[in-house]
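Each of the two complexes below includes chain A, the first together with chain B, the second together with chain C.
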Partner chain A sequence: MTAALAIPAPVPPPASRLGRIAWQWRHNPKLELWLAWYTIVVFYNVFGIVFFVVTRTKPPPKAWWGLPRIVEWFAENRLGLLTGFGTIFFMGAFATASTALIVYSIRRMSVSPAFAWSYRLLYSLAAVPGMLLTCIALVAGAMRLDRDPRLLGLLYDMGFLSFSGTMGIFLVGSVVWAVAILLDRNGVLPKWFGYFNICNALTEVVVATCCIVKEGPFAWNGVIAFYINMVVFGIYTGVFITYLKQMIEHEEPERDYLPNRLALL
Partner chain B sequence: MTESEQSSVGTSGELLLLWSLPVVSLFWIGAFLAFPGFVQPMPPGLSAQEVAAFYFDPANLPRIRYSMIVFNWFGVALIPFLMLIALQIRRMAHRTPILSYCFIGCIAGGPTLFCIADLFWLIAAFRPERDPALVQLFNDMAWITFTSQVSFLVAQSVFLAMAIYLDRQGRPVFARWVGHFNLLIAAALAPAAFAPMALEGPLAWDGVLSFWVKNGAIALWIGVMGLVVGQAILRQRRQEGAAA
Partner chain C sequence: MAQTAKRETIPGQPAMWVLVMIEALTFSAYFVVYTVCYRRSPELFLQSQGQLHLDLGVLNTIVLLTSSWSIARCVERTRAGDFAAALANVWLTIAGGLIFCAMKLYDWSMAIGQGLTFTTNDFFQFYYFLTGMHLLHVLVGLIALGVIVYQLSGPQRRSREIVETCATYWHMVDFLWVIIFALLYVMR
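Take a look at the complex of A and B:
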């Protein structure tokens, strides 16, 4: 078993593209981490395409629309909602790779495992209120356009308000990650990114207004509750994906790895 | 405490958890047969009045309620079994715990979504005098959640398959065919994600792909994984016994 965990002697990669992929699969000592990282990249790309292009739910339609316009919106976007959210129903849970890699980053820091565990538990069900409930409500609307318009209006509200259903998870989760980064002495992630986590947490405070107002900058489609929030979240996501990549690149297998069986909890 | 004593504590009680699987499976099968909407799956093409009539038919109503209460009690009983699989992933010759983190991240999702679907069914059945359109709405939400929410099951099968393929040691925890089997199950679950696109045919929630293939795949996965996890735990205990 110990031999299986040892770093294999370097074998030169072959010249062909397929040969190089096979070489990575056989010999890359960081393969597990790279699989998780590429899963994150694929997930966020599909997530972006589904929400912004296929279903047209981002940027969101107006919170102040009347029932006839809401019914029309469901009719216009029916196929996109059903196919796009079908894709999320199929692969949405691959987002757990993101949580897993972030938890791994915290475990490598010089802080208590309580931080990693808190983060993991906070995010383990985030997809249900924050993403899947949105998709379920809007799919229920799209699948039966002859439904009573008042019920379509209810599903519309449920869909777009549920998208903010993870306010607390992102708020507390980002702070947990921030504190871990700021306390860490192993230099796993840069300190400024710790402060940026707090910035991300604050967007969840601003977005809360969408549960109260239907018009203006604080509505779910407003400049503050959606656009500024989305810009910060977009930059934050891009930055953390990049830093996780750098963390993997800078790791030295013999020195930095948490062996599977020794990483208690 | 010696090292062998410590490791035997690690597997202590695991066989009991594993044997809970066939016991709770009996409750699942019983509840499945009792729910009148499963044995002959409810067609999504029913009108609101037909859906309400189905729910409040005196022959159906108690069976709907009791079967969903039993599912609510025992649906989440899958979690200890999934945790046993997670522990076997920890025994694999991986350099990092990342794949077990990914797998554990998926564990609670499937049973939680099943629990939400179960509640939607119970809410739909609660008040016979309610507007049939509302009964139909909750029936739709229940079926959409039950049928199409396969992502946690798909992801956990794919992460498990990757973990098995990367378990590079002389005597791997699971044989490679278990990895192939998990990918096959993930593929069999995929069409159900798109069930709301069709009100009839194989893709609809009562269709061959979305109901029988998907639920058959889940049942087969639980059965096969139950056997291979049982074998792995017994082998682990023999190894620990020999080491002691």
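Take a look at the complex of A and C:
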């Protein structure tokens, strides 16, 4: 009788690498979370390679260039722009894993679900001007180099202004996450990271200046509007990916279940 | 005992000190860029500096230093358990913050009235950028001061740690202004 009621012993993972992967797939209760986390890692790596190496759009070219130089730039980078941003069109949806896992972290916190909803809404919108519009404008320019140079100039400005000038949406998302972390009593993420979110949000204000000036430190390729901001954002991204990993590692599915949706309403 | 020792060395949440460090590093980077640009065209920067209202800058510095003093008094009174005096001091700090914002907006409006805008030259780009970024920090600081008022208003709340944390942020705002004031208005 006792033997019939006993909980079966957990299946130990096999020794081989493939066997361990198969075991994780079948038995790891955090499988979805790990899949989302690895998707984030893959996405940001591809994102970095595409923007910095393949398309050479980061660091951005000069904002003050005249039309002949812009046409030349499209011709020089045509192949990179088409293949690189083609890859982003294919993998762009991977970015949702990042939003999903961050929203999950907010749902684990002792705060109103309004925070999670706000974050989800803001980042669903932000990817359009902040990433996809840039890719579409620059690919459209690279596709037909025989267009009127003024049209290429328009696509060039639209592409880079869209990437840099629309940080406001990300800023608000960062503030939402910051406030959730600072109010949280469950200790899902450390408080200093909440403050770091505020710092990241405040530095994102800086890029708005690229809509006003074309030269100097405040242009879209300037030291202040791009380089310093990019350093802060790069560190911020590395930190949040690390903390999301730690959150998954420390989670115990039976203890840290998501609150019932009805109970939160 | 260990906690007491920690309190004596680090007022407020240690996390806030990380923010102070990150902000100090970020603003230091801005200051380095400003100094490099200043070195490149010193005549333009000197001439533009002369068009600023030094008297308003000095007045704003005094207001902010006074607010820093009152927030220090607020922390000291909170530690002593004199919450009524602490509350009075935080209101004084809020008044200082609001006066600072009003004077800064007045300063900007005077400059814009003289035709000195963000696009006038490199110096005014830095002027509006640095003072604008600082003003944003002051606004966040006013929210932090609101948190102190909320904490001190209810006998159930009154967390000394949170009061110290928010006060640390306000001191950072003050510290940043002193450097910005020195760079923009005084440094020749």
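By our rule, the second predicted complex is superposed on the first by the 247 of 265 C-alpha atoms of A that agree within 3 Å, B and C clash if a C-alpha of one lies under 4 Å from a C-alpha of the other, contacts with A are read in each partner's own complex, and residues count from 1 in each chain.
Criterion: contacts are C-beta pairs under 8 Å (C-beta built on N, C-alpha and C of every residue); 3 or more make two chains touch, one makes a residue touch a chain.
Here the structure is a predicted model, which is why all the values come from computation and not from measurement.
Of the two partner chains placed by superposition, only chain C is touched by A:Val213; chain B is not.
Using the contact criterion defined above for the overlaid structures, shared-chain residue A:Leu183 touches neither chain B nor chain C, since it reaches no partner. In the superposition on chain A, A:Val53 makes contact with neither chain B nor chain C.
One of chain B and chain C touches more residues of chain A, and that partner is B. Of the two partner chains placed by superposition, A:Ile21 touches none, neither chain B nor chain C.
Once the two complexes are laid over each other on the shared chain, residue contacts for A:Ala75 go to neither chain B nor chain C. Once the two complexes are laid over each other on the shared chain, residue contacts for A:Leu202 go to chain C alone; chain B is not touched.
Remark: chain B residues 44, 89-102, 104-106, 108-109, 112-113, 116, 133-134, 136-137, 140-141, 144-145, 148-152, 154-156, 158-159, 162, 166, 168-170, 190, 193-194, 196-197, 199 touch chain A in the complex.
Per the touch definition, chain C reaches chain A in the complex via residues 13-16, 18-19, 22-23, 26, 29-30, 33, 37, 118-119, 122, 125, 129, 133, 136-137, 140.
Across the complex, chain C is touched by residues 190-192, 194-196, 198-199, 202-203, 205-206, 209, 212-213, 216-218, 223-224, 228, 231-232 of chain A. In the complex of the two chains, the chain A residues touching chain B come out as 1, 4-5, 29, 31-33, 35-36, 39, 82-83, 86-94, 96-97, 99-101, 103-104, 107, 120, 123-125, 127-128, 132, 136-137, 139-140, 142-144, 147-148, 151, 155, 253, 257-261, 263.
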